[in-house]
Every structure is written in C-alpha cells, then in structure tokens.
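Naming follows writing order (A, B, C, D, E and F), and every chain is counted from residue 1.
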C-alpha cells in the first residue's frame, strides 16, 4: 500500500490527527476518494482438496476460504431433518497482523465473527435442498489490513459458488467507516484504528437485502443511510468481478477438459 | 448485618482476637447467642422457566436453586435403568464474595461442594420412581456471607419440593462452628475466617439422619456431638419455615387458579 | 548411581567439559565402558488390577507399564472392523525429574512420545486377532535418569506379554548417544544433557527389525550405523533377561496354583 | 468451546403455535397483548448486592438478568496508558432455561457481552480517563459480570440495562501506592463517574410476517425471520448487530427511527431506577 | 472437567456376589477374612524416589499409592505472608483400574486431594511458619503429588498415609537470595520440620447391612449404603467428609470413637516406617 | 487434546486403487509418473506476507504450507541465558483436507512441529547467541507458525522447507532498553543471521512393496508399510523420526545414503528461492 504521508515516522497521536485533518478535505491517507474501494483481487479454486475455494484480497487484506459439503454431519444429532446445517469458522493466522504474534487459539472476537458470518450466509444458501447434511465454510486470514470480515464474506461466497452450492444470490462484503463527518468505503487498518466508526456490511446485490450489518462508534441516522448507499454501490462493482472470476474459472476448466 | 463492633476499623489480627475474646463470654460479633441462627428468608418459585425454584437467605448469604426434571438424559449412556440420575451444580457468581472478583470457571472447591451436595440429596429423593431420567439441581450463590453450602442444601430441597419431586423428607442445611471452646450455630464470614472449626451439616429432620457432614479445624468428640445436637435443633425451626413457604406458595397458586 | 567424579560440585559448563574429556579417553562419567548398559531390573505383574504389568529400571530410570485389553472400545466409532486399535499413553509423574516439579498435564513432548511408542508397538502385536477391540498400554515414569522412552518400550513389551497378548517378538528399547566422537550405549541424564547426540532405538531382536528410531544432534552415517550395531547387541542381553523374567513369573504362578 | 459457529438446533414449537403467533402479529397485536413496539414490563433493582461494588437485577417480563461489578486494579492496555478498563462477561447458567447445559460462555453469550461492551464503550457514558490511578502503571478495571437467571428472550436489552444500571451504582475503593504496589482500601469509596445524558441502551427488534416488533420474547425470537439490535446513546447510534436473517434498506431506516423513539422512554425508566437504589436482594 | 456432579455409573457386580458380601458382613466377618474394624495389610516404603524431595509408596492391601514431594519457592498467600504453602494433587492414571480413562482429576480425585490437604493442614503436623524464607516475598511451596497405581478401595486413607510419610521424609533445599531473586541450591538440604505427635491420618468407614466396617475394599465401597472419612491428629478430629448415603447420630458417635482407636495403631505403623526409610524403589 | 495416542482411522481407499498403486511401484514407477526417488514439483514463494517478519509459501505438488515468523522479545531459558528462542507451531486448519476437524494441534501436528524444530535447532543454521539482547534478561523469540492449507502428503518436508525459507527471509526489529523494559521499534530492522551452508531440510521416505519412495503423496502415506523422516544439514544427519512400521538395518543404511543425495538437490532449489523473494501473496 502506498501512503500519501510516511506513516512510519508518526506517533499514533500524530497519525490520528493527520487522518482527521485529511478527512476534513475529503481525503484519505492512502490517496483514495471517500467512496473508492482498494484494489480487489479474486482467485477461485486455489485449494485442490476443498470442494470449493477462493482467495480474496482487498488491498493488503487477504482472506482464503474453503468449502466442504454438502456432506455427512458428525456428530449426527446435530443434523436437521429439513435442511443442511451451516458451519462457519473465521480464523486469523498468528502472523496476519502488524502487531505482535496473535495466539492461534480462537479469541472471543473470532468466535463472534464466525457467528456473524454464518448468519450472513444462512439466508443466501438454499439449505433446504440438502437435508441432514452439513455445509462447511472455513476461512483463514493470511494478511490483515482492515476489513477482514467483509473480505471473508466475499471469499466465502465465491468458494460456495465454486463448490456448486446453490445460492439465492452472491453475497458481497464491504466495510464503511467514518472519520469526523466523512463517510468512507473500505477501511484500511489505520482508518479502522483511528477513525470514529466502523460499519461492516454484506449485501445481496440483486435483491437489495442486507445480510450482515454491524456498527461501532457514533453515527447519526443520516450517516448510516449514507453508508448503506455507498456500500451497495461498491458491492455492485465487486459483484461484477466475482461473476467474471467464476466465469473465467469455468472457461479455464472447460479448456482443460477439452485438451 | 449489624455488628457489635466496627469491623471495618480492625486489622484481621485484631478482628480475630476480638472474636475470640467475645466467644469467651459466650458472645458473637453480630450479637447473636451461640445457638442462634441468622434470619432465614425463603422464597419459592422465583424462576419462571424452572420446574421448581427457590431463593434462600441465611442473613446476607443468598442462594438461588433451580430444578429441572425428571427429564431425558443427554448423553443417553449416562442414564440408569432402575432410577433417575441426579446432577448437581453449585456455583458462586464472580461478585458474590467480599474479596476481589472470583473467576467464573468452577474451582476445585466448587467441584467438591457440587459432589457433596449431590451426595446429600441422593438419599432423600425417590430416584427409583423415575428410571432413565435425570433430575437436575442448579445453584447460584448471589451473595456470600458464610454457610453458603448449607443454605444451598435448603434452597435445593425447597426447589425440589416446588418441582413436585417426591422426597423422603425435606433436607435442611445448618452450619456449626467453633471459636475457642464455644460451639456456635450458623457461621457468618468472619466466624468462618477467624474461628477454629467449621462443620456443615444437612439433616432429614423427621428421620434423624445426617445426609451431609464435613468438618474442618480441631474438634473433640464431645464438641462434635454438641454441634450435631445444635444443628438438629436449628434445622427443626428452618424445617417449619420451609413447610410454611411451600404451603403459602400453593395457597397463592390456588388463588390464582380461582381467579 | 555412583559417579567417577563429584557431579554436585561442578557447574554445568564444567560438567559438560569433564564428560567430553572423559569421552576422549573412551570413558564415561559413571565408570561404564562405551557399550555398557546400566543394570537392568525387570519385574512382571506388579499391578494387581491390570491384565498385564511390569516395572523396568535402567539404572535409576524407572518405568511402570500396565496393559488392559483386548477390551471393548469407547466410543465405539473408534473401533476397527479388522483389527484391534492400540492406545498408548506415556506420562511422567511430577516428581520424576531432578528439575522442579513437572506439571501433571501432558506436555507436547509426552504427546509425541506416546505416539512414537504406539507406532513402535503396533508392528509387533497381532492386532488382527482381536477385531473391534482396544489394547491399552499405560506407562508412568516414576523416576527419570535418561533413556525413559526406551525403558518404557521394554516395560510395555513385558506387560503385553504378561497380559498374554500375542506378539511377533519381544521389543526391546535401548538408547544410543554420542559424546564427541564416542558412540555410547544407554545414556544417563548427564550424557543426555551434555552429549552431542541422542538416538533412541527399539528393536525386534529375533527379526532384526527396528520399530522405533529417532535421532537428535549431529551424526555421520557411519556413527548411525555404529549406534545401530551397539543397540542390537545391548538389546540381545536385555531380551534374554526379559524371557527369564517372564518365565520365572509363570513358574512362580504355577507354584501358587499347585499349592 | 468449539471454534466453529454451527446452525443452532431450532426450538421445537408446534406448527399451530407458530401460526397463531404470526396471525396475531398480522393483526397488529402480539400474543402477550402488547403492541408491536411495546416493551414488556421493566423492573430494575439497583445496587441490591452487598458483596458487589455495583449491581442491578433487571426483569424484562420473565427475562431476568443480574449484573455485578467488581472493581480491580491492574496495568492499562499499552495503547491507552491513561485509561481504565471495562471487561464485560455474560454467562447463561443452566438455571436460566431447560435447554442450557453448564459450560463456558457459548457464541451467543460471547456475542451479547461484546455488544454490551461496545455499546457502553462508544457512548461516553464512562470517563475512562477518570479510571487512571498512575499512568502506564495502574488503572481501575471494571469487571461487569452478567448472569442470566431466567431466559425469556431479548437478553441483549436486559443485559445492557443491567450492566448500565450496575455501573451507575458502582463505587470505587480508594487505592494507595505503597512501595510501587497498589493497596486497595475497600472501606473508603468514591462513586464511579458516569454521564447520565449518554446513558447507553440497546433496542432489539425482530421481523415476523413483515412486521417489526420490539423487545421479542423467546418464542418470538425462535420463529422470527430476522433480528437486529441497535445501541443508542443520547440519540446517536453507537452499535448495530444484525444477527438473524436479512433486512431491506427501508427496514433499517425504519428501525433506526423507532429505536431512537424507544430509547427515550426506556432511558427515563432506567434513570429513575438508578435514582432509587434498592438494598434488598429480590429477583 | 464438567462443572456438574453426576450420579456415578455403578460398578456391575453380580447380584449373587453382593448378597454373599452382605451375608458375610452380617455374620461379623468380611469376604477377605478381616474383622469389621481391621485394616488390610499396610506396607510403606518411605523415601524410595531419588528425584523427589520426599516420597512414599503405600500399599493398603491391593491399593497402591505413590506420593512424591517437590519443594518449590514462590510468593506467600497475601493473608499468610509469613507461612509456606502446601499444595496437594491426586491423580488416578489409567493404570490404576480398568474403569479409569486418562484425563485431568475428576471430582473424586479432587475431593480426596482436598480432604488430605485439610487433614494435614489442621493437624499442626507441619509448621507453616518454618517454611517462610523472606516474609511477604518468598516461601517454600510443598507440592505433594499423589499417584494411584492400583485402586482397590479406600483411596482416602492410603493417599493420606502416603502424603504424610512423604512429607516426613522431605528435605528442603537451601535457598539464597541474590539480587532480590531466590536461588535454589539443591545440593545443600535440611529436613522439613514435622511434629510426629500430631501425625495426621484418615480412617474411612462404610456401612453395609447396618454394620460399620473400616478400610473398605473397592467391592465394599461399591455396595455400601454409606461412607465417611474421619481425619485424626493426636486424638482430635481434624476433618470429616461424609460421602455416600446417610448416618444416624449414633452411627457418627460410634464412628468417632472407633476412629480414634484405629488411629493409634495406624500411627505406630506409619511412624515405624518413617524411621526406616527405604531407598529401593519397589511397588 | 487427549493424552493418549490412538491407532488412527485408516483412510478408506478402495482395494483396487491400493493394488494399482502397489503394482506401479513394483514396476519401478509411481502413480503420478514420478520415479521412486523423485520429489514432486517444488514452488517456493519467499517473504510474500507483509504482516510477518519473515514468511514463505511452499507447494510440494498439491501440499501447501504457509510459514510466518513473528519476532518477539522475552526472557531466555535459564539454562541458555545468552541465547534467543525458537518456537515452532504447526496447525492443520480444516481448510486443508476433508478429514480435518477444527481444534488445537493433534499428535500429528505436534510431532511435525517438534521434528522441524529439532532439525533446525541441531543444524547450526541459526546462531542462537546472535539473538541475545541483554544476557539473562531479554532475547529475541522467533515464533514460527506453520499453516497447512492443502494436505496431500509429506507435511514434514513441506513444513520444514517453509519454516527454513521463512526464517531465511526474517528481519529483526530494533530493540531498545528503556527503564529496564524492552521497546520494540518495528520500523528499524536487521536481517536474521543464518548460515546457508547448514540449511536444514528433511527428506521423508515410505516403504511400499519393499521399495523405498521419497516425498510420498497422501495416498502413498495411507497405504505404506513404513515411513521415516531424515533431517539433514550440510550432509550430516541432524534428526531422524521413524513414524509408521518397521525398517531393517539395511533399509536404514540405504535411506541415509539416499537422503544425503536428495538433500543436495533440494537445498539448491531452496537457496535459489531465498535469493528471489516474492512480495506478491499467491498460494
């Protein structure tokens, strides 16, 4: 990531001040416009063993998702007679943050995010088509630079599609932030740490539905409405890229079959 | 609780000395006679979800018990073909002691007391009437001022009766203590901390049976016999209050039904 | 153990130097020849409850092994349709080392050794004769003075024989070490701590097969070959003692039956 | 504690009951007689627990939550060397419902505790700097322990209310530094500084048959299509947590408006209770 | 470790065997030929483990318990700044019986360890003040680890005897303070101060067919109506732990008397073994 | 984590497939076309992870392992007061294979981490003394975390290669001592000193139908009779770990020789990759 200032030379207080100063002029520390998303990189089918997999990068944030299933449930009493159960795990590798080593055991934060991601995916998957089975989504954050949970949602969505799991729509994750009065799209780690609010959102673009919504900080209702609008717009772009990534994978695959 | 001296002004050593000095005159720090129990408060049916429940206060010690069952056993292999199993959990909330915050995870002490309470209740319940089921007794100490395990027994007993579980008798818990040569009834936390012996007892009043008995400290056999005698006498009073509490609850309940 | 020098008077650095100095003359700190094993003590049938048991001492290293089985597997889904499963646990008591108290919870080292011992025993036992059952080998180190895992293998082997479990051969454990250029048999704790290499080996004497092999340190291939040769020779002696121990136990047992 | 989030076993609610609840909702009412945006009866006992440094017992209909605050002293977090710490923990002991097994907090309990924590943290209800004893060395730590004694739905709002009321009743023990070590003098106490204007509360909504209902019962939570919790402080949104299902943008706008209305009423109730502490321990 | 105490699975003992045992008891005898108040044969190896700072291996009939003491140095408890610490832990490794699975101590193991701990603690057998190195800073910590190698009933008494004999054979390493940190010199040692007069022991009884039996076997424990353990030191009762069933007041009086009688004999055996330590490690 | 090692559930591989694999081996080939001693294609991305202090992503055929190094500061071990510490941890997250459930490292993961650790430790690849900051007080701690992203056999060699390449790309942050406490300055960095001559690698072999094969696939591991891993550094053996089955002495001699040959080739590949770090994060 390129920054408009030398972030390594500033104390946390100076950095916080600088970020707010820039925001007053509608600018951001990495030179983006308020509604500009970082470059998005999508790769489908990256893990041979999984039924479906994807790598998603939002700038320097990298999430890898693997999908296994539909498959038998262990232990069996967890199975449901009328639909599949969904199992979701979000995990950060110990070396994925700029801080000191993170312990590998799941933190309370990771447990909460795993739940939130499951609840964001459940409304999308046609679980009722696979009674008594389990669909498993496992996510590892390899590198974190803000917005990891929304990158995870996008990766999970792609991996599910790659696994051929029928869905009502592709879900796209986008984070919205707030610095002073400026509402911005796709927080990096400095904007996350020194901003005034964080609002991760996941949407079903074609249906106009919100499947993940959290917020932190202090928001007026107008700011929230503005944020939702920006999120849907950014999601629309990523949605197109996702469709392309899936298409190109199947084109590549069909080429291989033709050989 | 009112104290005959200002306990907050004394060092632990002074408090210990004072308690022993008072005991030599047959007196106690809160003004009670040696064989005098603190005020007992009994409330039945305090938790709507439980099949039976009760709150028991011995002075400032407050225990809440909930009973669920007889009900199915999970996992099933724990079930017994000829009787119900009993499951008992004694737990102190982190804010229930005068000390610093207690961690919520069960301590070795709590594990031991859960076992001791289970073994005090097992001889009383007609478990053989409910083969293959489980009867569960869950106890939380909300506020602790000594004698929590015997207050728990009384609460469990009331909650079991409230749940309509058939029993051979009501079990009543009373603690006996020793300060110097003085044998006393119903220790408060200072008497527990600075006395010379602690003997929690639970009895089936009508049958003259002891179902819980532990002791700590140094006791002559005569002192133990004296303690047992005092415990039975104190239990007799509490037993009457328990019967009244249960009766009044059913009277209230029947009033409600008549409306 | 008798030492040729007063080990308690030396700093670790001095002890290391002394051990290496002695090795240059082909000598060892406890007066043994390089290929000399410490005294081996074998006792069979030491634990009445176990189906088979043994105590094995290599000098001051004492391992106790108990065998239970073949018996039912819990939980059942671990059972295999065509053979017995083997379960092995290696554990050191908290007071078994010269260091400070070891915590009783299994360490990563103990978990690894349990696996290595299981994999050393699996090729030896006729597991296919007992489908759907479990054969359990539990080992406690009571006193540790080096070479505990190989003493454990010998103890496990004796206990299995004592339990009447059919085996292809008796397995014997021997440790090989390296101090400078000197390859030695049966490391004590000082040779383990201050030597240059450690190679625990378990062998099926009659079949010339290696069932356990690990190494640490820096070894030339020639040194490894030398070590293997020494190990087989030492194992041969222990093997004879094991047969005697088993025989004498059955003789004693038959005497008892005759009375 | 498994690290995987798994679709939860649905409560077995008879089909007929489900349809009844929905039908009543469609008629603009609720099965317990409330209107769609009515809260259940709120009873708040503030500071009843003598062994705690602050406490509250909240009943929201049949949902009962006990909150106890214990004040400790410890090192500050490195990135906030002059601020005290707030640690919120929620437990659902097996007393609370027939479906609960004993064990460490599950993902639901962890999530509620974290939502309550964030709601309080972003509200400026507490002045974290006032909890500093010696910068970089010693600060007050506020342990807020929430115990659910009876679970009949909407643990979020009951827990948040209990936590906030318990904090409002909290007193800090005096701390002296002796030989570079803190010495806690429990007998001398000063009240914890709070800003009642910013009193933080959450308002939880469910969506059933396209209607938005506030303060759901357990039954309503079990059959709802969607659920969302909004944290409010002084008419600003300080937290959002969508849990079950999906919402349209219009739903969300609608819910924001309603939550600010409901906040006003609820805040009054809570402030009144805080003014009238109650030293008798009743459930 | 579950935090709930659950009725234990009964050992499957054939009905006929049960009746036989009871019948023999009713005739004033026991199935292994003992009288009702006889202990099984006691074999005590004192201090056989070179790596421990004190140790004992006890056989009570077929019940075998190994005790090892390790001496550490640590901070005292705040309420006893000039006293050392005693920490008792009991493990039942799966070697000990076919029914035992590997795992951390269960409620039975925890209870026995706690009863042994309290029995020793209240006996004045140890002088905790003699374990102080620097008040408020450093004290000796006595870790007593008890390992059951073969379980044939009455772990309480075997464990207590093993712990006490191991402590009696314990030596303390010298400790020097260097730059405010303790330095343990394992080579220089002084014996741990104990008071043999106050030697603490427990005596366990079961009630079968209205008879009181001392030192029960595992079979007797499995069919008994009630069980109780009495800790004695110098003819004073220092602990009681009723575990299974109920007792009448007369039972208890009777048991107290008997336990003091049995204590005298057992104490002699243990003191004799302590006088004759045995550096050969045998089970 | 159970403390008992249990015979593992065998992978269900159709009998026909097993026989096919064996037959091909008997013909001197392998089912993926390799010769008996050929390694699969090795792809090494060195230092692609910006948040790590050193990193590598290794593909060994379809086996993929990510290694990340984080440098910390802590107290040295008492017996090596002037040496830094290396801590190796390996996790097999459930992404890696359909058979893996989430959870802490099992015995397989622990064993691999320990073998990698010992192989590096005894190779003199690292200069532990160069990791000392203040003797007895502060040293660098190298945390090497290994994550298996796709498991297709021979995790040992892939993990070791990833760990070694990650260490070779590691830089140490500057550490200053302020008021006796270490202050980590992440912006100023010096490379970790390594000795490429001693580059440690493991070579794993399996025995199938009396043939010795290097770098087994998961399928080959599942049907092999025996398995052994040899750690080599500069043509010396620095670790051995026999896991499955048995070997004759001749097998072992043969394997030693072959492992030294293979080491040479593999070392070249790894050194070349280390020279060409790759800041794009690709799997």
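Assume a contact is a pair of C-beta atoms (placed from the backbone, for glycine too) under 8 Å apart; a residue touches a chain by one contact, two chains touch by 3 or more.
In this text the structure is predicted, and so the values were computed from the model without any measurement.
K.L.:
Farthest chain from chain E, going by mean C-alpha coordinates, please.
P.N.:
Most distant chain from chain E: A.
K.L.:
Return the chain pair with more inter-chain C-beta contacts, choosing between C-E and A-D.
P.N.:
A-D
K.L.:
Among all other chains, pick the one whose mean CA position is farthest from the mean CA position of chain C.
P.N.:
D
K.L.:
Averaging only over C-alpha atoms, locate the centres of chain B and chain D and give their separation in whole Å.
P.N.:
Each chain's C-alpha centroid was found; their separation is 31 Å.
K.L.:
Between chain A and chain C, what's the gap in Å when you average each chain's C-alpha atoms?
P.N.:
Taking the mean C-alpha position of each chain, the two centres sit 52 Å apart.
K.L.:
Taking the mean of the C-alpha atoms as each chain's centre, how many Å separate chain C from chain F?
P.N.:
That gives a centre separation of 28 Å.
K.L.:
Find every residue in chain A that makes contact with two or more other chains and list them.
P.N.:
89, 91, 105, 136
K.L.:
Would you please write down the residue numbers of chain D that are in contact with two or more other chains?
P.N.:
Where chain D meets two or more other chains at a single residue, that happens at 3-4, 102.
K.L.:
Could you pull out which chain D residues touch chain A in their complex?
P.N.:
1, 3-7, 9-10, 79, 107-108, 110-111, 113-114, 118, 122, 228, 233, 236-249, 252-253, 256-257, 260
K.L.:
Report the residues of chain B in contact with chain D in the complex, numbered from low to high.
P.N.:
Listed in rising order, the residues are 8, 43, 46-50, 53, 55, 57, 60, 62, 64-66, 68, 71, 74, 89, 91, 93-98, 100-101, 104-105, 136, 138, 140, 142-145.
K.L.:
Which bits of chain F are touching chain A when the two form their complex?
P.N.:
So the residues of chain F touching chain A come out as 49-53, 55, 62, 64, 66, 68-70, 72, 89, 91, 93-98, 101-102, 104, 143, 145, 147, 149-152, 184, 186-187, 281, 283.
K.L.:
Help me check something: in the complex, which residues belonging to chain A touch chain D?
P.N.:
Touch residues, chain A against chain D: 12, 78, 80, 85-89, 91, 105-106, 108-112, 114-119, 122-123, 127, 136, 199, 204, 208-221, 224-225, 228, 232.
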